[in-house]
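In this document, chain identifiers A, B, C and D correspond to the written order of the chains, with residue numbering beginning at 1 in each.
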Amino acid sequence: MTDLPRMACIKKIMQETPSIKTFYLDMQMNAKPGQFAMAWLPGIDEKPFTLTAVGKEIAITVQEKGKFTKALFALHEGNSIGIRGPYGNGFDYKGVKKACIVAGGCGAAPVLLLAQELKKKKIKLKIILGARTGKECLFKKQLAKTGDLYITTDDGSEGEKGFTTTALENFLQKEKFDCVFACGPEQMLSKVFALCEKFKVECQLNLERFMKCSFGICGQCAINGFLVCKDGPVFSGEQLRKMPEFGNFARLKSTKKVSLQEYAQWRQ
Amino acid sequence: MLSTNFAGIELKNPTVLASGILGANAELLIRIANAGAGAVTMKSIGPSERNGHNNPTVIAWEHGLLNAVGLPSAGCKKMEEEWKLLEKSPVSIIASIYGANVPEFEEVARAVAEKKPAMIEANISCPNSEKHGQLFGTSAEASAEVISAVKKEIGKIPLIAKLTPQALNIGEIAKACEEAGADAICAINTVQGMLINIEAHKPILHFKKGGISGSAIKPVAVKCIWDIYEAVKIPILGMGGVSSGRDAIELMQAGATAIGIGSGVYYHGPKVFKKVCNEIREWMQKNNYKNVKELVGIAHD
Amino acid sequence: MLSTNFAGIELKNPTVLASGILGANAELLIRIANAGAGAVTMKSIGPSERNGHNNPTVIAWEHGLLNAVGLPSAGCKKMEEEWKLLEKSPVSIIASIYGANVPEFEEVARAVAEKKPAMIEANISCPNSEKHGQLFGTSAEASAEVISAVKKEIGKIPLIAKLTPQALNIGEIAKACEEAGADAICAINTVQGMLINIEAHKPILHFKKGGISGSAIKPVAVKCIWDIYEAVKIPILGMGGVSSGRDAIELMQAGATAIGIGSGVYYHGPKVFKKVCNEIREWMQKNNYKNVKELVGIAHD
Amino acid sequence: MTDLPRMACIKKIMQETPSIKTFYLDMQMNAKPGQFAMAWLPGIDEKPFTLTAVGKEIAITVQEKGKFTKALFALHEGNSIGIRGPYGNGFDYKGVKKACIVAGGCGAAPVLLLAQELKKKKIKLKIILGARTGKECLFKKQLAKTGDLYITTDDGSEGEKGFTTTALENFLQKEKFDCVFACGPEQMLSKVFALCEKFKVECQLNLERFMKCSFGICGQCAINGFLVCKDGPVFSGEQLRKMPEFGNFARLKSTKKVSLQEYAQWRQ
């Protein structure tokens, strides 16, 4: 049992949207949709990223945000980064016959493999993909192949103008899903959860917290008594009900518990 | 059979969650308590907010863990909510504290003592920050100075001095702490080490050096506990590489009254506490021991 | 590709048999040389005949070896036959020496220097006897005193100071040795530890405490070599837990020019030297290194 | 890979001869004839002993000599001792159709299992068992069941008066063996080897040296470039020819090389 980064060569870099790139890495890894890996830039930092391709080679899909992702974006094909994983539980779609996926922004990354897997299993799938603007709609083409794709944008430049959650509410009023899978900003997820509770639909939400060990030792990623790295990142409605911090609080690197707003600010 | 008394605190079993493992959050501490630990130790608390180091901060290699988390802390005054939740803990809480100097230790001790944890552990042995801890734990005088200062602040709350195996003579340090007023000794903190990723040709931990824990350091722990047992009369909270009942019994026979488990949580999850307790019980039954206290120090002639 | 130069001595490859492994007998040293070691170190030689400890003296646990052989030696004057046989060695001989005080070190150094080994290693770091070694290796002044005294006795023969990881600041000790005339540093000797057989409730080693070697101590070795590399200019013979090419490369990247292998012989037999060399070569080819010297210290920025 | 003593309970003690006892131990171990174990008396010492029974339980057969064996003889059924092993190579009887075993004194211990194994494989077997006196003939009954047993004693109190090697020479003059297996005092073994060389017969001799690690690390048990614990304790004629120290020198605990006489004296 070891958890050490191994260096993987960047084989290909795909510009997905103006702010998002996919890095294809020369490393073999089997993982379930929703599992993640830790990506290490020696001398800089190490951060968690969902796997957007698994098997003979893997990929991570990254939005440029802070110091780490800027450094990652500066790399070229042929450069190497450290990878350890896979970590986390991944999505559970056992028994699901009809599903709805809600993805906000970079949240399309964790659900890509899920959607592809559900398609393979011939599970009926509705996908709501949201972004600030049309150009930032991640994995539009890939997701369209896996089910009915509905796009919402904040500025209305593509699909419907508005939020993913408005679309979800509409669907839930008309249709019955075995499960709603969602990933995106926590405010959005919080709303998704409320809707699922209201309509009594099962849900599985992919959460994010600042991580250190990623294997359940340091406690950094805690949401109440749950560990996002080990018990999650995907949580069921039953678990979310026991998580008053969900949608409200998160822990800074110091382990200090703060409001989600303060948490987001800290990361800026 | 497993119930014991550690420096005046009753424990339903001798296993204790080590400091720094899942312990920054009250609900996780309670989760571990419910998983079977006899007591739980909070992540070390400092005087003010501190981020610790960049990642990688914890890695697992072939024979243990290596970490340089770097003593992150919300700071001793920003933990109201944790303390409130901890009131519901089914087992005793040990609060671990650190400081860069004696006044800082005093400040933290004062703030923490107000919250009335069952015990306070002074971490004078952390290897993962430039300024904190290890300085104290490798010098008998410095250790004694911290311990007597903290003791004055915390009154009747039992005080544990957590020592480093890097000390040249850990028995001497323990003795100095005992004389300075420590009610118990905790040993060991991690052993200094480093690992390099040869493809990256860089140390893997961002802080470069870190502390080794887990199975690799068990013989170091046994040796240190042995030396401390020969040097002091106060009880020992032994830790280092325990993930089975046999490991725990080995540390007890060397002189430990209670047994800390840290890295064992990596290998077996929170159920490691039940596992270790069950294995201790089975071994005791097979070898005709009635009470876990009988095991303490019996490897000494 | 693998040939290198260590403190003026040419080595066909950087692997060196560590002291105390099969090294009391010239024919075994030659056997290891023929098995592929770049140089071989003799078992540490003392001033007079010494039995060492009762058994058990060496045991293998899950993550390494633990030994308290206790510096047995025929004594520096009773080894004529070994020296004669060693003239036929296909590789350089490193003679390891110890003493309980400076005059003893001088006496042994004088006797051994007459036999013209390629290098002399002063073992100021053995943890397994009450009187020998470790005392020196944990104090910069004491280390310097031994090293300069030995250097005076052995003239042009390159002198290696073998250090203990138990030192509070191994970089400082290395610096003191360099200033006292050491031509190279060897690190690390074993880490103190103990294991108890819980059914016997007794320490397993007859001497109770012993030295940990093998995989368990590799991160300690990497860290010590790192610190020494930052502190001195003389080359480092790195050892501690090497049994693969990757291990060896890790120690080299931390700063070691040559690599000692001891416990690795337990895990793979004498063929460990060929194995490690082949693995280093393959890794270098894959990663486009032409000469093993390029690897030394590259993990430092 | 570990080599740690495990405590084994003494199940039965058999008085084999006035000076020799067999200790049956509650420990499972598979081993080949000629392999040995290290027996540990905590606080006293640890010494190598041939296994005289293997399988579900094991046995060692011990002659009372010095400090260690005296302490061992003071133990009772129900006491425990530490055991690690098996160690060494054991005898090799592949291709052997007709064999001769020569055992002197306690040297009957290592060959007991060998003789029983050869009998099982229906290999023709002649056994020469020597002792100081009739009462000290070890494993007489057991060995008699495995082949033709010839006894020699120094005092003539049983079998023929004289040495095992005199008997061996007689046999070698008359018969052809595929291999001579022998164990006993090194002076005897030295003579056995000379006879085998003279008659050009293969031999396998079980040697003894003071041991520490018993697993090929410390070098204590060296005979020239060979390790008795790892390359031996059984050596072939081909190996013995490269061992000028055999029959002449051994190493004290200090590792000092001395004559066999001095070595024997040191052990007194």
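Of note:
Heads up, the rule we're going with is that a residue touches a chain if its C-beta (ideal position, glycine included) is under 8 Å from a C-beta of that chain, and two chains touch if they have at least 3 such contacts.
Values in this document were obtained by computation on a predicted structure and should not be read as measured data.
Centroids built from CA atoms put subunit D at 51 Å from subunit B. For this pair, subunit B with subunit C, the centres built from the Cα atoms lie 33 Å apart.
For the pair subunit A and subunit B, the distance between mean C-alpha positions equals 36 Å. Subunit B has residues 61-62, 195, 199, 202 in contact with two or more other chains. Touching two or more other chains at once are residues 43 of subunit A.
With chains as nodes and touching pairs as edges, the resulting graph is an open line. Contacts between chains, counted with the stated touch criterion, involve the pairs A-B, B-C, C-D. Subunit D meets subunit C in the complex at residues 1-7, 38, 40, 42-47, 80, 82, 84, 211-213, 215-220, 222, 224-225, 227, 251-257. Against subunit D, in their complex, subunit C makes its touches with residues 20-25, 27-28, 30-31, 43, 49-52, 54-62, 65, 67, 69, 72-75, 78, 81, 195, 197, 199-200, 202, 204, 206, 263, 265-267, 269. Per the touch definition, subunit C reaches subunit B in the complex via residues 61-64, 66, 138, 166, 168, 191-196, 198-199, 201-203, 208-209, 212, 215-220, 222-223, 226, 246, 249-250, 253-254, 283, 287, 298-299.
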